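Next up, some structures in structure tokens.
Each of the two complexes below includes chain A, the first together with chain B, the second together with chain C.
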Partner chain A sequence: MKSTRFDYLVFAGGLLMLWQLTYYAVGAEIVSSPFATIRRALELVLTNAFWVHAEATMSAFGAASLISIAGGIAIGVWLGLRRFAGDVASPILGSLYSIPKITLYPLILLAFGLGISAKIAFGVIHGIFPVAIFTMNAVRNVAPVYHRTAHIMRLSSVTTAMTIMAPAALPEILAGIRIGIALTLLGTLIGELFASTSGIGFALVRAMGIHAVTDILALTLLIFIFAALLNASLHFIERWVRHGG
Partner chain B sequence: MEVKASGQISLRGVTKIFPGYEGHPDVHALGPIDLDISRGEFFTVVGPSGCGKSTLLDVLSGMGNATAGTVMFDGKRISGMVPNGIGAVFQQDASFFWLNVWDNIAFGLRRRGTPYAEIEDRVNRALAFMGLSGFAKAYPAQLSGGMRQRVCIARTLVLEPEVLLLDEPFGALDQQTRLLMGDELLRIWRETGATIVLITHALDEAAMLSDRVGVMSARPGRFIDFVTTGWPRTRDSRIVSDQSFGAITARLWGKLREESIRSLDVAGLVPGAQD
Partner chain C sequence: MTGSITSWLRSRISKVGAARTALIVLTFALLESLCRIGVLDRVTIIPPTEMAASLWDILKSGRFNADIAFTLFNVAAAIALATSAGFFAGAALHSVPRLRRVSEPLLSAYYAIPTFVFYPLLIVMFGIGRVALIIMGAMFGVVAMIVNTMLGLDRVPPAVDKVGSILRLDALRQLVLIRLPAASPHLVTGVRLAVAYSVIGIVAGEFILATSGMGKRIAFAYDNFDNKTMYGMLLLLLVGVVIVNSALSVWENRLHRRFGQR
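Let's turn to the complex of A and B:
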């Protein structure tokens, strides 16, 4: 069944109610009320300081996303086209994907130092593997009958790649990008939580340090809204290129 | 179009052996096969499962190489290269889900760099010819299996192939749709004058559509009989009620029954590079 706007409203309303109940149950020491949080979030987005942090996060996240997507697609396409290499790499990629990346954080810090490059690197190691894995499978799973069709139409391998393989694999690659970007954001923010001097993650940690509960939740809410919008727009693009197929 | 005596497609001693892997023995899939298909002929291949029908089509189209023997198309030898003028429709849905029906049909013409005015003209004619005019803007996912197969046929026909290879194109469709698609195929064959090579499991389909049916043996696939139907060029699915239709089908089954049993006995014991 197709989800409607009404369903989304019910879902959002339910979440807000649950939040309000939690607030009643545990008190303002731990959770701020939805109303106070939303008001604080609005205040925050009107301050200059917030945008300085947001810009720091966005530039790291943007760079990390670009590297994750470009690198992931390059690795995925290469492995997808070479069956043997793909067979060898598949379990390796799978285990790299499932490693708790936080354990690599000290190494990343040693290699990249404090600052934006560590954040980017941490975002990339979260995001690149899902993009690579999805892309590899997308390329491998292109229906054999498409290859036969290209062959009988006497298409060159470049034409086949551009006009058949790429569009046939695109929806699956976009699904990988959607998941990869979500994880890149996670990685970038985690990178900011420790040993950084700017960014939304840094602002979060600072708010924690002074026990500013409303600030913590307001920042979390803003991150949530950003991530949800990003995910929804990528999902929309993905559905559009699928044409129901 | 007049059927000429000389073969448009000629196979001489064509054999296909798939090399064994990981200790399995080689698989002798096909041949040796000698076959001549005349220009404008409707030739159908029937045979038990796994007898190498699809391998034959691969070799005959130039998509695959024969291990031994020669394949000639229009008097020229082909090997590993699909010659110009061959089109194919497969059993699996090969419509491009990212393109609408119109763009699907225009695909091959665009790749050839045909001028737009001509593409438009030919695609619109193909749409009308295949009864798809109302669906030009629809995407394959919105169409039934039969309609998608029509899109694939139209996409092939628009390139005006001299030879149309059909690898169980109606295998995934229900019986009524298949009979009607058979009628359409006969109409396409009459109106384009193309040579048709059809591969099918269905004996009634073979008996109803073909000028000549080649019956293949169990693996390694060879032709064990050729049945000429003698149907007039203008015919349709109503000939299933003709007396000789039963006789032709019976003859085909008479030849195939034993081969099918043989093929079932070995099926699963021989590692398959087939199909």
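Let's turn to the complex of A and C:
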């Protein structure tokens, strides 16, 4: 454990050094120094305006995550239990997952207008497909012997779902949720970049507009820290479930 | 004769494929009729047949050929850069487990940040043009390739590695003749994702600021309420991505079957 912590410190130090060297190489017009960026990030966190934007982003991200997870699991379970429907839908889901959804921004804007619903829609079209695909595969990959065991024990379908299917499929579904949530965050931020008047993404656009390099990097750093923490906690839950939660 | 043709057709057209085609056709038919009867207004979306007609018109008139070529070239360059850099970075990280473990949080949170916020900085560095767009696309695609290269090298069965040592292959041959084929299904997954992400990076860059390109045309048509051109170009872009993606998926599945592990 101690050596891991040491490794992380060395790695973080190495990254900071690389960043500083890049700053020396290309200049403050393009990259702000790590020190200036971190100081700016701390300043931003202490302002009220930042939290107003953060709150706007978080409410859209929260709603989009809920829809992505609930919708993705519903679609995934349904398709996973019906072999034929799953076979029919699987490549379609794969294609929908891989299309560059950023190209759909004019469509989303025309359909939802500027505002929170466009941001949520953007988050959902990014996040729902990975959740659906992972859930479908998770349900399909439950070993047939579990089904037979449930049958032999004459469990009701509700009990089967709760005590056999859910625990067997859960780790993989959680992996899908982890990926889905990261993409939902990306989608929500893209929505804010192109189609919004509030939120962290909007603050980024404004910084881009006036070429405030330190602000761009400071906001990106904050988004990255948030995403990494979210990802790490979901990883932690996943591992806990996998190893006998 | 006819009997053999029918049975051949039957073997080719499966029930699943037929149902899938029917589903897609029905979806488009539904969209078409909703547009035609005016439930969806023309300011928001135009009927799919008009999108297809506009696409055909764009291709036939050739008025956007320069933009299409611009974007295609940039995407190809970005993919080449992302996959080659991603492969070597992935192989390097795979060989240093301690470095790999500490860089994991960085790699797995990477796709939550909208990388194209760095695009204006790239423009300052390289000017408006190909280079900034290509680097943007490569930055978006490279991490998917790194992650999948490491996954692929993880899945190389130890027995296969041992065969290499028994045959006394040198390190390079071991990599190229043994480990690369064994890891190939995941490498193709990496390429497929790198393609998808590079397109996102480049089109996003063209949306934000560019002198030409498909993204630029779509954004321009959107700003001018020219829905016909916009949806025609959108359809062209999406159809292109879906075709490339499906082709790579087929290849990927074939490799998975051939090398027998998932």
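FYI, the second predicted complex is superposed on the first by the 240 of 245 C-alpha atoms of A that agree within 3 Å, B and C clash if a C-alpha of one lies under 4 Å from a C-alpha of the other, contacts with A are read in each partner's own complex, and residues count from 1 in each chain.
The working rule: contacts are C-beta pairs under 8 Å (C-beta built on N, C-alpha and C of every residue); 3 or more make two chains touch, one makes a residue touch a chain.
In this text the structure is predicted, and so the values were computed from the model without any measurement.
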Overlay on chain A: chain C relative to chain B, clash or fit: fit
Touched partner set for A:11, first chain B, second chain C, both or neither: second
First, second, both or neither for A:141, with chain B first and chain C second: neither
Partner contacting more residues of chain A (chain B vs chain C): C
Touched partner set for A:92, first chain B, second chain C, both or neither: second
Chain B versus chain C as contact partner of A:204, first or second or both or neither: second
Contacts of A:213 with chain B and chain C, given as first, second, both or neither: second
Chain B versus chain C as contact partner of A:30, first or second or both or neither: second
First (chain B), second (chain C), both or neither touched by A:149: first
After the two structures are overlaid on chain A, angle v-u-w for chain B, chain A, chain C in degrees (C-alpha centres, nearest 10): 90
Chain B versus chain C - smallest C-alpha distance in the overlay, whole Å: 9
Residues of chain A that lie at the interface with chain B and also at the interface with chain C: none
Touch list for chain A against partner chain B, complex: 143-146, 148-149, 151-155, 159, 163-164, 167-168, 170, 241-245
Residue numbers on chain B that touch chain A, as the complex places them: 61, 63, 82, 84, 86-88, 90, 92-94, 96-100, 107-108, 111, 139-142, 159, 165
Chain C contact footprint on chain A (complex, rising order): 4, 7-8, 10-11, 26, 29-31, 84, 87-89, 91-92, 94-95, 98-107, 109-111, 182-183, 185-186, 189-190, 193-194, 201, 204, 208, 211, 213, 216, 219-220, 223-224, 227-228, 230-232, 235
Complex interface listing, chain C residues touching chain A: 15-16, 19-20, 23-24, 43-45, 98-99, 101-103, 105-106, 108-109, 111-114, 116-118, 120-121, 124-125, 192-193, 196, 199-200, 203-204, 207-208, 215, 218-219, 222, 230, 234, 237-238, 241-242, 245-246, 249
